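Once you scroll down, you'll see the structures, which are given as structure tokens.
One chain, subunit A, links the two complexes that follow: it is found with subunit B in the first and with subunit C in the second.
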Partner chain A sequence: MSQLNFHPVLLRLPFLLGGVGVTVLIATLAFGLGLFLAVLLVVLRFENKGFWCKASRSFSTALTNTPQLSQIFAVFYCLPLMGLMVSPFLSVVIGMTLNAAAYLADILGAGMARVPPVYHEVALTLGLNRRQTYLRVILPHVGRTMFPALANHFQIMILGSAMASIFGVEDLTGRAYDIGSTTFRILEVMLVTGGLYAVLSFALTGFFVLCRRTMERMV
Partner chain B sequence: MPYIDVRDVCVRHGKNETLGEAGFVAERGEIVSFIGPSGSGKTTLLRTLIGLQPVVRGSMTVDGRVVDMSAAGAAKILRDQSAIVFQQFGLFGHMSVLRNLTLAPTVVAKRTRTEAENEARGLLERLGLGDKADALPADLSGGQKQRVAIARALMLRPSLLLLDEPTSALDPRKVHEVSVLLRDLARDGMTVVQVSHAMSVVSSLSDRIVLLEEGRVRAVGKGLREAAQEPDIAAFMNAHGSDPGAGLPVGQLGPQQ
Partner chain C sequence: MIAFSHYDMALLLHAMLRTIVLSLGGGCLGIVGAVLLTALRLSAGRALLPLRALAVAYVQTIRRVPFIVTLYILFFCTGMAGVDVSATGVAICSIGLIAAGYLCEILHGGINTVPVEQVEAALALNLPTWARWRYVIGPQAMSAVIPPAVGYLVLFIKDTALASQIGVVELSQAGVILSSRGLPSAQVFCAVLLVYFVISYPLTCLSRLLEKRIAVH
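Moving on to the complex of A and B:
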């Protein structure tokens, strides 16, 4: 242990910390876009019986049963084949968005199944149309009941976004590799990086607890 | 010509006729109770009145305006003139009591939020819930939820208020409170139709009792005295825990008596 030398790593700490921003940006973009897609997917599931319901379920089945890394690789290599040149950053965001959409649709689906059936009939008799029913009643209710599961998935995405480094994105892990390859202090840099991920994760936990309390007070 | 005239309502589930030629009439400000054994079609008939249950045929006249209940677009017209309070109340748990009341007026009827909130606060005050406007439904007792659900229905300014088992979730004291409230509403000109299993409520509250059996109207009694003389109604009510002829407070028998 006496051979551990953190000095070269600490010298490059500002550069490493810059990676935290990229990590949060990737996860936030992918989560936000994924949540939007998930809402569409889950509404298709509940409003359709036929093709669109099956298509939405198949999408989730396919993407929750294959590695996220393979999915990002598919995006990374397939989009250029289709003539779309996208940056590694964008490839990762697209791949993670699709993966998040699949998981989040399942989470929202579980929440939708727990909406009291009478809500739909009440909304109908109050004169709300389908769009108003979803936007004003069903989705806010699901958002609240499934908030812990959604927050948990965001945290998984923060940690999972480390695979962006494989595609050359300079996120937290990407920058750690950079520092490791120039200082040869791989163990030290990875220990510091692991610590930063932990701090980030704990901070998010605190943030979500605050969000939840605010939401409970907000009526 | 009666204020409300429902005729020949017929509902089918597959080949089974769950409701056949059902109907009733009511004057403005009357409380009508549907009674009958389980599966007799009481709730089904109530649901047809607000377009939640598709009908094969049937017509409903409210204040001289005839609606063909089986026509396309009938549901919307029915919902414009009626409001329903469900057995489970169905208050939206993520909204305050006030927002539960103002949601439809602001989102559907496009009234301003201030105006809707003022009306809602007034209504809550009247129902003894003035201090509960900002509470969440989860913080209310069963009786309070019931009154909030009634207030939400009243915000729609319906001609007809429908209630599915309004007292089933309440203890006897709360049952009395809700009964008094319904009587007050009726006195102010609201026509109320309820489905009830609680014969004590039916006998103390109803201006008209409609007995359904196997999807058909078996007997109708106007006022408790007349209802008590209908052998079928008397027999049903006796068998279900209330003697319609036994001395109930006459003052509660409704506007005609």
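Moving on to the complex of A and C:
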């Protein structure tokens, strides 16, 4: 086996570390937009018993049973056909947002089902309208009870955002591939990248534990 | 107005079989790996301590590295080591490695849900080790293990899509090939997504059914 040589990789470490920022940006954007969509989807499920409830459920079923990569491919190849020229970055974010919305809607739905009915009754008694009931009472409660599952999904999305490299986005994996093809030290750069992802993920775990503690202290 | 010819359908069919082979192979490898890893993590004795630490470190790390990075590492590792493995073999191995990590965590967690009194009672009854696992720990742990394990195996089917990156012609790569041949992209990708759905949806239903039937509430 030929020798491992990390020197050329370490020289380009700042460039690689910049990729961490892009990875976090993609995951955060897709998670934020996905969460917004998921809230809409899940409110539809609980407020409407007819067509829209079924549509919302089918959306989740369809997108959780197909790979994210194929979904991004579909967005990447089909949006230009509809006359929308979007950058690779944007099509990755759109694809990941749709995928995240499906998964997050399922997570929020499980949380909503566990909200005690008395919460709705209290909100009604206080004279809150529907918007206020959801924004001030139900969703904050669901956010608290479902925080571990949501945090876990964010971690999954950080790992999933590595797919962006396939579409030419310069995230952590994309930059790693870039360095690999200029220095021919692809195995070394991938080992370093794997380490960086692990460190990032451990750091996020710590951050979420901290968030949880702060939240519990506030309540 | 479906533009697929016989050859395109044949390609899709082969790609579908490849996806199934990847999922099955990786899943089986993962189950075997997970059992071995869990056995290591549960082992007693000071001599095995370094191995035990290694198993825990492996499980904690592999779940924090993206699948595609694991795939690249294994792909270039076998290349540099001069081992002649097909791309499909590399993909199956890396799915197995990842699956072993995730399934080990589920298995270990499931075994830990068995109350310690049950194990102590089995010991007090002087049951041999195999009977303790077969009749006491096994059945109780299974209810906490099987439903999430099936759920994760469904996730790995979707992970196989990434094997296209090291040159395995599976479903998502077939989609790209057909689209490059000039077939209408919308139809091609709808077909690919539909095939994935057909493979994955029954298993999702199975996982949900198992959850209702045997999961502890």
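A few points about this structure:
Everything that follows uses one rule, which is that the second predicted complex is superposed on the first by the 216 of 219 C-alpha atoms of A that agree within 3 Å, B and C clash if a C-alpha of one lies under 4 Å from a C-alpha of the other, contacts with A are read in each partner's own complex, and residues count from 1 in each chain.
The working rule: contacts are C-beta pairs under 8 Å (C-beta built on N, C-alpha and C of every residue); 3 or more make two chains touch, one makes a residue touch a chain.
Note that the coordinates shown come from a computational prediction; the quantities given were computed from them, not determined experimentally.
Superposition model on subunit A: subunit B and subunit C are shown accommodated side by side without a clash. By the document's definition of touching, neither partner reaches A:N5: not subunit B, not subunit C.
The wider contact with subunit A, measured as residues touched, comes from C rather than the other of subunit B and subunit C. When both complexes are overlaid on chain A, the residue A:S87 reaches neither subunit B nor subunit C. In the superposition on chain A, A:N48 makes contact with neither subunit B nor subunit C.
By the document's definition of touching, of the two partners only subunit C reaches A:P67; subunit B does not.
Contacts of A:Y197 after superposition: subunit C is touched, whereas subunit B is not reached. In the superposed model, A:S181 lies in contact with neither subunit B nor subunit C. In the superposition on chain A, contact of A:S58 is made with neither subunit B nor subunit C. Distance between subunit B and subunit C in the overlay is 22 Å (nearest C-alpha pair, rounded to whole angstrom). Residue overlap on subunit A between its contacts with subunit B in one complex and with subunit C in the other: absent. On the side of subunit B, the complex with subunit A involves touching residues 50, 52, 79-80, 83-84, 86, 88-90, 92-96, 99, 103-104, 107-109, 134-136, 152, 156. Across the interface of their complex, subunit A is touched by residues 61, 64-70, 72-73, 76-77, 79-82, 154, 157-162, 164-165, 171-172, 175-176, 179, 185-186, 189-190, 192-193, 196-197, 200-201, 204 of subunit C. Against subunit B, the residues of subunit A that register as touching in their complex are 116, 118-119, 121-122, 124-128, 132, 136-137, 140-141, 144, 219. Remark: subunit A residues 1-2, 61-62, 64-71, 73-74, 77-78, 81, 155, 159-163, 165-166, 173, 176, 186-187, 190-191, 193-194, 197-198, 201-202 touch subunit C in the complex.
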